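You will see two complexes here that share subunit A, one where it goes with subunit B and one where it goes with subunit C.
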Partner chain A sequence: MNTLASGPLLKIDRLSKRFPVRGGVLRRVVGKVNAVDDVSFEINRGETLGLVGESGCGKSTVGKTILKLHEPSGGAICLDGKDISQYSPRQMRGVRRKLQIVFQDPYSSLNPRMTAADIVGEPLAIHGLAHRRDQRQRVAEMFERVGLRPDQMDRFPHEFSGGQRQRISIARALAVDPEIIIADESVSALDVSIQASVINLLIRLQQQTGVSFLFISHDMSVIEHISHRVAVMYLGRIVEIAERSKVFAHPLHPYTEALLSAVPVPDPATRRKKRILLSGDVPSPIKPPPGCHFHTRCPIAEARCRIDVPALREIAPGHMAACHLR
Partner chain B sequence: MTDTNVQATSVVADPEIRPVINGGQRSGRGRTIRFMQAVFGNRGAAIGFILVLTLVLVAIFASWIAPFDSDQMGAGKRLSPPDASHWFGTDEFGRDMFSRVVFGARLTIQVGVIAVSISLTIGMLLGLIGGYAGGWLEKILMRSVDVLFSFTETLIALAAVAVLGPSLTNAMIAVGIAAIPFYARVAYSVTLVERNRPYFEAAVAAGAGHMRLLFRHLLPNIIPPLIVVATLGVSAAVLAAAGLSFLGLGAQPPSPEWGAMLSSGRDYFNRAPWIMLYPGLAIMITVLAFNLLGDGIREALDPRQRNT
Partner chain C sequence: MSTTAAEMETSESSQAEITPTLRVSSLRAEFRTDSGTAIAVDGMSYDVHAGETLAIVGESGSGKSVTSLAIMGLIPNPPGRVTAGEVWFENHDLLKLSEREMQKIRGNKVSMIFQEPMTSLNPVLSIERQMVEGIIEHLDLSPHAARQHALDMLKRVHIPDPESRLSEFPHQLSGGMLQRIMIAMALSCNPMVLLADEPTTALDVTIQAQILNIMCDLRDEFDTAIVLITHDMGVVAEMADRVIIMYAGRKVEEGTVTNIFQNPQHPYTRGLLGALPKLGFAGPVGSQTLNEIPGIVPALTDLPAGCRFAARCSYATEQCVAQYPPFEEKTTAHWAACWESANLPEGNQE
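And now, the complex of A and B:
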């Protein structure tokens, strides 16, 4: 197929990841957690897909499985048209340059015993992209690019603030000119004002380099700010996916509606639609409810929702949702 | 450093890019100094450090400190009690006990360093590889370590000496081998913790190979807790080697090894208790010194005890 160059950069097709649950004296497998269940989406070049959902819904597992930090249990991960889901660790090393990650915790995601310059330069050294002297030069460029001072290169991570460390993580991801960066709750651990500056940095870097982002977050307002398209996840499944404006203006899935109604509105004069309060907790992913995973908390659930799994289908043009009733 | 030094950067000029507290050129050295302060803030550790330092100095300058050669017979009357010319008295051959104890410090330092180096190096590598590799390699390595762990160290050391033959060198090797399982387990558990930290996943995601992951990311991060274990391990090794020598399986006469001196002094204990007293005291003080120092380092490295 030669049309791949114009196709999506990353295509996830029916990806699933099951973790075994062990118990008893013999540590036998007594069950499994469907952390990611039949998830499909695409990311185009230069695009940001926001992946949003509650804690424990499997968003981070999606990110780590794409990077093959977890082995996928099923489905395909196509990067530039090539399925990498069955690649061996050795084969993966060749494509890792294209896929990078920025983690949530700016403290534990940097090796405390390496200098900032070594941390940012490491991917360059691994992929043989720069000689020793060029490497320093390149690292200094990356420092400037993410808003750090190159004269701080030889410091250790503990000498930087949280926001600065996250910039180091971004510089590390960016150093090898990746095609896609998975940002796993990358701003969630930061103060609101620093969140804004890091998000603006990511947007600017995307404009400069054309890199794509899979931006994972539980924060609807952050997602709204950075994403081109938004996917909403609930208990391992994607329940809604569409362009940002569509999801935020006309959410189709009852879960998305509930999430949006929970976002605080800064202006007390403009009242949003009625607040939808969900009752109960997210069910255990070890024993998810049958049918639509959301039916236990859904305000409009009917009998069939308890039996049939709703497929993700195009309900409005370019707007997919998994709900029987819309 | 003030904000005027902050360069305008091309991307953003946000207030967060400010030098951290104390700014300037604080690098690894600042951390070392703070660590030393933490160690010396602890009285026990300071005493331990001074004692260990004294022991090392005595070992280095033994030939200047000791008034006689350690093996010189008839340096004084046989079995004479401590007095001004023979501070620790003399033994059954008229050798000066003070000189023998002083020269014994050399052997003790050697035992401590060599035995611990053997167990630390091999144990650390086994634990590191077991914790990193996972799967069948982890099972084979760690289960073998468990099997060895179920024997007491003395038994393993005795078996090793039985194979190698009695000598001080072999006693050091035996004591080193006997402690390998202990270091391997510690290294293994620390490795398991470190390999689940995001910086390790980040290195995997960056495409790092086995060698880089093992020796650049994991090893530097598992060394600090192992230093504590090794410091405490020196005293155990000294004690174990002295024990082997006492049993006649380590240092052989006329070597001034403290354990061997205890052993040969046994026959004269009623008439000349100083032959056993001073080497015994020396062993006790050495063990105490390394235990105090090890505890101090552990507390200094424990983040929960910092800033208190």
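And now, the complex of A and C:
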């Protein structure tokens, strides 16, 4: 770790990402989507921030913009106190070692023509972290750390099961000793029994190495299990952010309440409890409703919710939410 | 009908006197693959009654979807083939019907909803074309009456502005909207059986809640028998009356939803319940380890002689490895295929 250990490891400040919308025969730009709209949060060392929301809320775009796989449209991305948002691709290369990502689909995110050892070893070579002989040694260590047998190193991705492939992805991210791993729906495609073992692995790795996670998921139960703090997104904006127990036990935003209430509970005894049923779908991000984006589905919306954008403010100590009525 | 497993089971249960709406018995489906014959479904039997929801739970490759495709006569042949079993519906064995006879039943009296609403609808036909076609075909209505019926069904599944939705194409609608349209289509001929294969898996949780509600309401209104295929124990707990757990092509446990969740008799079921992160977990991060089921599902081309779960089971004995356990009644109306179920420790999960 370095001398700046006192401040947050990653500080996202008013980050935004707009995509052009093209239409017509000439593919002219006819509008824009605010996929990420004025998003701010911090992640401390050894901490997991859970970023939760439904499809199209922009949670994956946040992850990709932090990695600069998308160029940010505005705002700052401070890693270890340095703003990397304006870094050139060459400058980014030095930073990438600290920022790693594990994607959702363990089938398409591994090169089928490379052996598992080459996949895990490649970032070591790129960042010049290990010589040829040390590299195999290091890869074997990584294999053991993620619960794979080192004697399977020379196999190809198709010879592994989905859960094992996700472990290879995690080993690849971990090989360069990153400070933060962005896990984008990393356990969502796995069967429950396999998902459990990958969640256990991520928590164990954090305890061993002190790595931070930005854990992006749509699954409230998984988010609650793994996160220290939780941010809830809706149509590009963060609507609530606080420590996990605050968000889950005392949600302040009506959207968070509805999300929690919609999760089916695996216990038939609690069946038919009163649910908050949201009517309708998530509006199109191309034409989000004015004011509070959630007002079209909100059970308690009032006139001003349709006009004024609610600011994210501290409603209870350490508990931020963007709602006029709380 | 000979003495099938389903028959023996139901004759002992309280439902013996009521004729099931659909009875599947000893169904076996095989697929030819490069590495040999894969037995995707091996001796699957179940009954489902009017107004009841039966959940079939299993992980990828357990055979839960293939079972439904076999019932509907939709297994692609080659490489697939139903090699044994019977599917009784209204005094017919559906597996013996010709394709033409099957077409009269499929989408009419026995209907199916698939996981991916996007890929189950024809992208170049309007919603109206796709809905009205089936209604005219099965209910013998005039085009005008069929259109009216389609509108009614769309209103039933709470689609806003159904009139304009009818003229739209699938790509103009959201996933939740399309799945509601699929449900409206599946129910438009008032089916007696609805096979719903992961109907909400691709949907967001707030939309899932809406769809599950709609399915419950429609089941209660029309007395439809629902077979709900899912991997999500939360959805099972919310929806099901009875539950079947499948593993590697076979049924390993069957019982009422309360029995399955409170008193599971198979280590695999206990393992699944222990693997779920549960909402309301309040301890510090890392203070609770989720149960892992070690190992992976055996290859369907190379199944072991004994219990198929034995290699991953912490209670397995020599007998488990050598001999497949019988599917037997452990407590009233609660069956499991496990030699060791009497010796499992207290509690409902690993």
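By our rule, the second predicted complex is superposed on the first by the 315 of 326 C-alpha atoms of A that agree within 3 Å, B and C clash if a C-alpha of one lies under 4 Å from a C-alpha of the other, contacts with A are read in each partner's own complex, and residues count from 1 in each chain.
Quick note on the criterion: a contact is a pair of C-beta atoms (placed from the backbone, for glycine too) under 8 Å apart; a residue touches a chain by one contact, two chains touch by 3 or more.
Not measured: the values here are computed from a predicted model.
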Which superposed partner A:R18 touches (first subunit B, second subunit C, both, neither): neither
Which superposed partner A:S161 touches (first subunit B, second subunit C, both, neither): both
Touching partner for A:Q100 - first (subunit B), second (subunit C), both, neither: first
Which of subunit B and subunit C A:P266 touches, first, second, both or neither: second
Touching partner for A:A258 - first (subunit B), second (subunit C), both, neither: second
Subunit B versus subunit C as contact partner of A:N200, first or second or both or neither: both
Contact residues common to both interfaces of subunit A (with subunit B and with subunit C): 161, 163, 193-194, 197, 200, 204
Of all residues in subunit C, those that touch subunit A in their complex: 59-60, 158, 160, 174-177, 204-210, 212-213, 231-238, 240, 257-258, 261, 271-282, 285-286, 288-293, 296
Subunit A-facing residues of subunit B, complex: 6-7, 9-12, 14, 16-17, 19-20, 26-28, 31, 197-199, 201-209, 212, 216-217, 220-221
In the complex with subunit B, residue positions of subunit A that touch it: 64, 67, 69, 92-93, 96-97, 99-101, 103-105, 108-114, 122-123, 126-127, 144-149, 152, 154-156, 159-161, 163-164, 169, 172, 176, 193-194, 197, 200-201, 204
Sites on subunit A touched by subunit C in the complex: 48, 54-55, 161-163, 191-197, 199-200, 203-204, 206-207, 218, 220-222, 224-228, 244-245, 248-249, 258-271, 275, 277-282
